[in-house]
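See the structures that follow.
Note that subunit A is present in both complexes that follow, paired respectively with subunit B and with subunit C.
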Partner chain A sequence: MKDVETRPRRYSRVIILTILLASLPLIVGFSLLVISSFSTEMVTNLNPSSFHLTLENWISVFHGKLATTGGIRAPILRITLNTLIVALGVAGVVTAVSALAGYSLSRVNFRGRKHMMILLLVLHAFPGVALIVGVYLLYRLTFPQSMDIVRLYSFMYVIFARAALEIPMSVWLMKGFFDTIPWEFEWSGIIDGASRITVWRKIMLPLIKPGILAVALFAFLAGWQDIIYVRTFLIDQTLATFIEANIEAEFSHMPMIAAAGTLYLLPTIIFFITAQQLLLQGYSGGIKG
Partner chain B sequence: MRARVIWLVALVLLGVVASGCISGGGGTQTSSAKIQLTGDFTKDAVAVGKALQQNGISEVRFSAWGSGDPNSVMRVYGIVEAARRINRIWEKNGIKVKITITDTHYVASFQDAYKEYLSKQPLGQAGDFFVNSYAFLPTLADEGYILDITDYAKAYKSVIDDFYPSLIEASKFKGRLYGLPQDTEARPLYIRKDVAARIGLNLNGLDGKVKNGEFTWSDVYMWAKKAKESGVEWGLIHRKGSAHPDLIQFIFAFGGKLYDPNTGKLVVDVPAVYKWLYVEWKFARDGLLPKDIMSWDWAKQIHPTVVEGKTLFDIGGTWYWTEWQTKQYYNGRSLTPEEVRKWFYYTLFPAGEKGDKPVTLSQPFIWMINSKAGQQNPKYDELKDVYHELAFLMVVKASDPDINAIHSVISAHLPVRKAAAKLIKDEKWLNDLKNLNLDLDPAVKDNIKDIVKATVNPINAEFLANVSYMLEYTHLAPAHPKYPALADIFKEAVDRVLRGEMTPKDAVNFIIQKVKADSELAQNVEIVGKIPENWKFPQ
Partner chain C sequence: MNVKREKLTTLSFFLSPMAVMVVLFYLVPLIMTVYISFTRMRNWNVSKYLTEFVGFYNYHRLLYMFQHDPTFKAVLLTTVVFVGITLIINVFGGLALALATFFIEDKPASAFRLLWLLPRMSPIAVYSLVWYYFFHGSEIGTLNSILMKLGVISQPIPWGQIVPWGAWSIIIFVNGLVGVSFGMIVFTSALNQIPKELVIAARVDGASSWQISRRILIPMIRWHLLYVLTWQFLSLLTTYPHLFLLVQWDLVNGDYGTTLALYVFNTAFGMGEQDQGLAAAAAVLLSVIGIIGGFVTLKVLKFERMMKRPRGDF
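After this line comes the complex of A and B, so read on.
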């Protein structure tokens, strides 16, 4: 296999075309979703005559309504905020825990380290759905007596439960990033009299910014997209459960669902585009001294 | 190592024991306050209000969960309106307590709403009021998830007696009342008047002939064939899926049954099921019914085919009448009430063959009260009975004839109370509704104004009045926990027969095999009768 720099240019077109073809179903699917959100009827039949421009779908979505006539007006801002709280909460917990755990596994040789690393991999193998019965049981066991804090508790529980699913893989990811940093950086700090935690905070974390961002981004997406845990435990609605509640093959006005779906996708796309450069740095793994 | 294992086992056992104890929490609490309901609504509401006020309660918070099509939002707004009416009674009587509806949760799919209620009720996170199909009532009642209102209802006999008796029966489980009917519907056979005129089908008095059993499914077949021969695309369009029990009307129309009340088991009535599948098979083989209809799209295929006049017959529901007026199924627009009246005739679902009776099918929705209703309010343990009585009074109020009539008119469901049925025939009241000149909560008015504008007119009210008689012929799908599984098997068999993958005989055997293969289903289903080998269709 040749390096990228030495590969003949004539192959690059073939590669780009192959990648484009492989991505085509996704690109077409998302494009049709966005186009349908501005149309009076769905254009998923790939027939341009189905497209009739309208902003009604978006206006209705911003009014919290997903029906042409009737339906219930939902507090869409509140629902979006709920989604954001869950996503940011999951991202925060996962990033904090995995940055600490990843550093420990990378740098500290404690007893049971290898077993813990294997255990983390095993834990990652369990899908969230398979664990839901146990997580539900724990929820019932820890359910607060006072109804006043139930709403807050349901948010916290969803955030921690969803974060727990993401942490094993994120810890491994973080460990990988810490592994790429030469020991010399850390030693110089320790020689200067800094504690281990100061070294972690002031020297190591700035060096693995792309890693932190990657972990935070994936955790954010996991929280933003989650539906099973949110539906089971959260009292309030998120965008995922709001859209789900309005989908029924017989009654739903699908272009409005498409508008809600596009709104649901927007933050993910924005987050990804803005963080792209930093993520690429992370994947290339270079250290700039 | 051994000690660790013992600790681990002990921990697991503790978890299991603890989990068993969870639902028992609060079971021993006794309530100190209880009001004796008298049947005089104002008096009872005042007594409940005073009891709450004396206990320092100034606000009672409830939530309402509903589900269904977007026009049926009165399933939750009815509760909002009931709260306002009780608040007004309290205000007039100087009671400083207020009911606030904190959440109006509305889900399009009633099955999804039921699943959500099932998972959230044990945690106390489900709605205090839950409107859903009667089919789920037995399971919810059996689990203790909904309130037994039998004793409360005794004081309100006059209100209960105003409901249609069959619907009150649908609200019971083991003889106890667990809710009040909210709405119901019928499933007429729609006939395109323009297509009928073109092929010489005289519709004058046809509903009478259907009622007498003179016009049967053999006649439907004959006219569907004529329509097809005259150039109409299809002879018959029907609904799809198993969630709505439309197609099982065939079983009743052929004199069969689906449930045996003596054994409490579901029934696969082989002769009736065979005849049903044979009719489907024959229609599809002769090109009168699309063979892939079970996978047709509602908005792009089923409804447009009907409203654009590409079929003579359509097996639908009463709610189609306003759905066609609010959804853009006709060349990118909706139909006007005048067009719906001009183009569509409706009758009962005809008898299968001479000697059988015409039928229709209903799936009443029921107001149910969460057995933990009021839990989010202060002093719940002390005042549990008072909160429950208040919840019952709210459901009684939400069943007021005008609230029920508004729901019926805007969603084209049938009224569940005789007083509501009377109201929808009242022109003055209809006019007031059209202008929203009714005593309703401003938020409710604001939320239903677009539906009112699109649906309230004398044509729709006349339709509802005209189809009300169908309730006399109605059958209910069995409210049996295993019925959905059986309905899925029926759906698969119909699909295979329509596509020509199975003959009706093979399909019946397929149903029997599928039932026997599922041990739980096999225990709950009786298979009766034999395939009538020499049966002919059309006759």
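After this line comes the complex of A and C, so read on.
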């Protein structure tokens, strides 16, 4: 807080130090993972002697090798691509659906609007595990007979099913962004004879670009980090299921798993560096409703 | 008439995608889950068991297990302890972080907020991996090696296998760090809406940061405290992805690392014998708690009052 100038300076140093101490496990935990990926042995035991700088793990990961010996190979690029497809798919579906619904909840007065908004809140709080049993039965009942499209279908299904989980909060978030746009922009369009749909597309969407970006970013991360839906519905492997499956496998070399984990963490780190303000604002906007 | 029809077309354009998603992935699955809880469904043998009704058999089994099955009792006890303690950590940790970052300069404040968002934003598998190494039962475990260097222990200890408190501590710690960021963000945005004059006036009068927090800031964000408390309660009750990996990787004991939500998931999708009928029955119970909790939350927080009509629509 900038505007309180009467406060003594040294207190803020004490506070910063205290938060730093409280954050130490987080910093240490994540750093050790990243450092281990560049070392021949895991450095999680905090022994400086176990650190020997190497790029071997990363090279092996990109070659899809899991063990220092033996011939087990995993198509890591394909696996990364699968993860990316799911994340982009979820981001696309969530953004499109919430940009549409968010506008009408923010701008159109209709019967049942209030109930719809309450329903969305309740759905957001609804136990996801109660749904997934039913979602899986629906998946089984609609599973295609032809083997050619089975994999495509599992991709489509996991994208839509995972996106559905994000939709209640994203619609609220998007509604919040539409709420901030003055009505005058909209009236000017309507007076010129444009329909609400045209107004939405031509005037409103360009105005809330930051909001759309924030929603897309959160949805992307939700799809990217997911493990439960991916392992339940997707036939192909993603980075999450890859790590899950290999951690206890006897042939896997721990620092390589650390490298795969760091690779998986990369988008999060990139967003942290490039989109800090968007992340912080987006969260507070979404939670305020 | 014409105007009305036009409005209807417009509305269905905007709302139908959402409606389809809600019906397909919330409404229909919910009905199916309730339906499955009345069948003998197991191992996802849909063709054999989908129409085999057993009435309240699965619910009776749950009741029986509640009385006699030590594993299920452990799961319920774990749920209560996990939700209770993690909730307290989340709310007070979030409040402490929000207040602390409120009193320091903007730059370090946003850096810390960002850092605390990391657990929520990083992939679940990576986040669990970090703590897997941290609490690992061998000498590669960070906690073990710290304690061994300090001379507190001579042998590495498999912390997660110490029941109940070892396993509980780990799941509470891992989920606690994820949940703190929610409170932090809500409280931070609430604190920023408080007029700065109040804080400045108190400062001029010589109040300390602690007094300002205690007498001015906290009373002014009471609504947000309640909001985080109730909302976080619901989400802790239903969370399971992090716990799933910790149990799957054998870092924590299976019985005392499993909450009711994870129990439902593992019974329906886990390794070995799957029993979807039983899982669905437990899921229905969980949903009933969730729905009641949700509506109580909405009533207590008076959400309806916040929903104003769009003022410019005609």
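Just so we're on the same page, the second predicted complex is superposed on the first by the 239 of 289 C-alpha atoms of A that agree within 3 Å, B and C clash if a C-alpha of one lies under 4 Å from a C-alpha of the other, contacts with A are read in each partner's own complex, and residues count from 1 in each chain.
Everything that follows uses one rule, which is that contacts are C-beta pairs under 8 Å (C-beta built on N, C-alpha and C of every residue); 3 or more make two chains touch, one makes a residue touch a chain.
All of these numbers come straight from a predicted model, not from anything done at the bench.
A.B. asks: Who touches more of subunit A, subunit B or subunit C?
C.D. replies: C
A.B. asks: Of the partners subunit B and subunit C, which touch A:His52 in the superposed model: first, second, both, neither?
C.D. replies: first
A.B. asks: Tell me which partner A:Leu141 touches in the superposition: subunit B (first), subunit C (second), both or neither.
C.D. replies: The answer is both, since A:Leu141 touches subunit B and subunit C.
A.B. asks: One more residue to check, A:Thr232. First (subunit B), second (subunit C), both or neither?
C.D. replies: So A:Thr232 meets both subunit B and subunit C here.
A.B. asks: Between subunit B (first) and subunit C (second), which does A:Glu248 come into contact with in this model arrangement: first, second, both, or neither?
C.D. replies: A:Glu248: touches subunit B and subunit C.
A.B. asks: Tell me which partner A:Arg111 touches in the superposition: subunit B (first), subunit C (second), both or neither.
C.D. replies: neither
A.B. asks: So, does A:Val150 touch the first partner subunit B, the second partner subunit C, both, or neither?
C.D. replies: Touch status of A:Val150: first partner only.
A.B. asks: For A:Ile257, is the partner it touches subunit B (first), subunit C (second), both, or none of the two (neither)?
C.D. replies: So A:Ile257 only meets subunit C here.
A.B. asks: Check the residue A:Val133 against both partner chains and state whether it touches subunit B (first), subunit C (second), both, or neither.
C.D. replies: Second partner only, subunit C.
A.B. asks: Counting contacts the way the document defines them, which residues of subunit A are shared by the two interfaces, the one with subunit B and the one with subunit C?
C.D. replies: The answer is residues 42, 45, 136-137, 140-141, 232, 244, 247-248, 254 of subunit A.
A.B. asks: For subunit B, which residues are in contact with subunit A within the complex?
C.D. replies: So the residues of subunit B in touch with subunit A come to 15, 18-19, 22, 68-73, 76, 104-109, 112, 116, 119, 122-125, 241, 297-300, 326-328, 332, 375-376, 380, 410, 447-448, 450-451, 454.
A.B. asks: Enumerate the contact residues on subunit C facing subunit A in the complex.
C.D. replies: Counting only subunit C, the residues touching subunit A are 6-7, 10-11, 13-15, 17-18, 21-22, 24-26, 28-33, 36, 44, 46, 97, 100-106, 108, 110, 112-119, 121-126, 129-134, 136, 139-142, 144-146, 149, 177, 182, 185-186, 188-189, 196, 199-200, 203-204, 209, 231, 234-235, 237-238, 240-241, 244-245, 248-250, 261-262, 264-265, 268-269, 276, 279-280, 283-284, 286-287, 290-291, 293-295, 297-298, 303-304, 306-307, 309-313.
A.B. asks: Write out the stretch or stretches of subunit A touching subunit B in their complex.
C.D. replies: The touching residues are 40-42, 45, 52, 67-73, 136-137, 139-141, 143, 147, 150, 154, 231-232, 235, 244-254.
A.B. asks: In the complex of these two chains, what residues of subunit A are touching subunit C?
C.D. replies: Subunit A reaches subunit C through residues 1-4, 6-7, 11-12, 15-16, 18-19, 22-23, 25-30, 32-33, 36, 42, 44-47, 96-98, 100-101, 103-104, 106-110, 114, 116-119, 121-123, 125-138, 140-141, 160-161, 163-165, 167, 171, 183, 186-187, 195-197, 200, 221, 224-228, 232, 239-240, 243-244, 247-248, 254, 257-258, 261-262, 264-265, 268, 271-272, 276, 279-280, 283-284, 287-289.
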